[in-house]
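Next come two complexes, and both contain chain A; in the first it sits with chain B, in the second with chain C.
The block that comes next holds the complex of A and B.
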């Protein structure tokens, strides 16, 4: 297994929300990728956006004013 | 075969549609079920298809575009999800059974009331009837954008204004117009727009959906697999998941995605202009033939590219069969799932022969069809 590090994980209510985030981050040049929602956040299924901790400010600015179905920000070992 | 049954489905699609479906069949996993490359390939294309539809149809949010199998399913979700006992609904004689039967069932099973604006013998409604039929418990207007039988278009912006003034939900069936005529939910005041993917959107059969204005809440109609919130006993409430239980038709949606790209590149206005020019050419050629009766309102080009006609007192199915067997021309005879409008036109018994034109039809095909009608009428 790969070594875990502390990362920012953004969760969504829907798959469409995760897809909107991926597209936005790609457009804005924000580092990150789609991962399964870590079970330490919820044992439900779903997609999350995983990014370096320092990307949080860029992400928050990018989503501001946009209709992205965002559920929450988490800092977890993944 | 000369295919002039585009109001039923567009048989000829842009080449990119079949290519996209084939590519998806070889590469798609299941949207929202996992994050491996296959699942993400499906999720990305499906999301981008929502974006393209939202852009084309004037829906403010891509995640408020919900996929269904067709317009009928979308209309059932909208009508049953928004309306119920004690509600009064306004609709029109121009409707297809995909609107009529859900409304009739609402009357029969839930005690709702429905009034229909009557069409005249040309298939036109009197817009003042909306005011006349309004009741204190009127909750919604449900109507088509264009008749699938004669092509007459309703003034959706005008009806949307009426609905807004009276606080009514406005549900529109855009089966005959999405992709072939400018549709703008916001500008037209539409709350729920129902579309099918396989007609003027030129995508595969088995694709369709609803565009929902933000703040409009529709009851869930089916519940089940969602790929998210697995341990909730209730199906998730956020759109689009709220109304999309089960695996989507990802392969079909990939085809629709490609079709939307084609429509974007050509332009809806250019598609409409081409189709209406063909319709005008055909209408001009057949309207004067002795024994031919053409139905519908041709005073404006704000219509779907449809010409419905009869030849003498011949049964419409016999004329359509003659066109098919002798001339190789595909049309649609009968009642077209539009019973109220056939009654208004006086064609309940005879039915009508519907010629409907698409982007890939040519003037030569139109001329051949008109000549066939002329010969049959001799």
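The block that comes next holds the complex of A and C.
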């Protein structure tokens, strides 16, 4: 069982956005994984990118100027 | 937080199972306490979109599910009116999801209810459903997308709840304008207001828990996350235990199961179509009702697509025929005719085209 800690959860308007983020983060060596969007964020049932809080800067730099339909950044217990 | 949600998913699953058992005991067809595909098909029949005399009734369960989700989402400020994610494509996908479901004789929810009733044909359907979901996941991983939705007016988001209110009002005020089955599954009905109230509760629970047959399997396969799948399992266990307690469980068999056929290839392929299409839509038929209730116009379009798909399935004789035993004791496994088989194949071709054509081009 993974212990819950405060994480950065990045949400997207589409599943393809989450997939594109996964590819981008793998390519850029940014830590994280795809998860189902936590219920505390939305009643939608898409996918999100879950990363350590300190990865936010790297993620923001990586997505800048790219066509990734990012919806928002959330800090939640995951 | 997450533990609470997990529990809520299980509670929702148990509630759906109990609701299905109660509705069946009160008059709904066997192993069909709840079935989104069957009940939308009944509504299509009641509104004279098809003329299959045995499956026509304004099912209060559908109305209750949508309105339960609507009320819960408004009460918890989660009602979000949005739409615009490839509505025409969703309409076509939903049509074929319904055709696949009616070939199998049930949506994913009824598949689980049938499994709990000891119907082994439904386990074949489950295998097909899983295959369809895996195909859908393959395309998701390739970058499949129907593009994003956008915020729209509250009126747009409230269309399906509004339609359901009007439908129910007409059903109560002028029932003579609708067609009602006198025999067959459409004639088997739980009392109107009991069905409505039960469905309102289930709709509200499903909105809070995000209960989804497709989402459960998708998350389990993609992320080893069994949260939503626990709801699926809870429905199965509840139905199984309930049937044993009520003395309705007679063991697992493919033989002469209620409103089911034993034409296994088409049980498998019908549900493969449902699984694949539901992944493309982002949720099973139940989930589409719930999402439409909380303001998702794209899901409302999907529900309309499923209703039209049901009408097509019966007007063109694509739906499965249940296994039967004639008066002189001859057993027929039932199944589908040539038109139904062709429709399933066309469905696969259509899904393949839609899946490939909607893969986002990779950035260089």
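Keep this in mind: the second predicted complex is superposed on the first by the 76 of 78 C-alpha atoms of A that agree within 3 Å, B and C clash if a C-alpha of one lies under 4 Å from a C-alpha of the other, contacts with A are read in each partner's own complex, and residues count from 1 in each chain.
Note that in this section a residue touches a chain if its C-beta (ideal position, glycine included) is under 8 Å from a C-beta of that chain, and two chains touch if they have at least 3 such contacts.
Everything numeric here is computed off the predicted structure, so don't read it as measured data.
Participant: Give one of first, second, both or neither to describe whether A:77 is in contact with chain B, with chain C, with both, or with none.
Facilitator: In the superposed model, A:77 contacts chain C only, not chain B.
Participant: Which partner does A:67 reach: the first (chain B), the second (chain C), both, or neither?
Facilitator: both
Participant: Under the stated touch criterion, which partner chain does A:6 make contact with: chain B (first), chain C (second), both, or neither?
Facilitator: The answer is neither, since A:6 touches no partner chain.
Participant: After superposition on the shared chain, which partner residues are touched by A:39: those of chain B (first), chain C (second), both, or neither?
Facilitator: second
Participant: Using the touch definition from the top, say if A:14 reaches chain B (first), chain C (second), both or neither.
Facilitator: Both partners, chain B and chain C.
Participant: Taking the two structures together, which residues of chain A meet both chain B and chain C?
Facilitator: Touching chain B in the first complex and chain C in the second, residues 13-17, 19-20, 23, 34-36, 43, 45-46, 67, 69 of chain A appear in both lists.
Participant: Residue numbers of chain A touching chain B in their complex, please.
Facilitator: 13-20, 22-23, 34-36, 43-47, 67, 69
Participant: Okay, in this complex, where on chain B does chain A touch?
Facilitator: Per the touch definition, chain B meets chain A at residues 31-35, 40, 43-44, 46-48, 50, 60-63, 214, 227-232, 236, 238-241.
Participant: Which part of chain A faces chain C closely enough to touch in the complex?
Facilitator: Spelled out, the residues of chain A in touch with chain C are 4, 13-17, 19-20, 23, 34-36, 38-40, 43, 45-46, 66-67, 69, 76-78.
Participant: Which positions of chain C touch chain A when the two form their complex?
Facilitator: These residues of chain C touch chain A: 1-2, 5, 73, 78, 80, 85, 140-141, 143-149, 207-210, 212, 215, 219, 222-223, 225, 227-228, 282-283, 287, 294, 360, 362-363.
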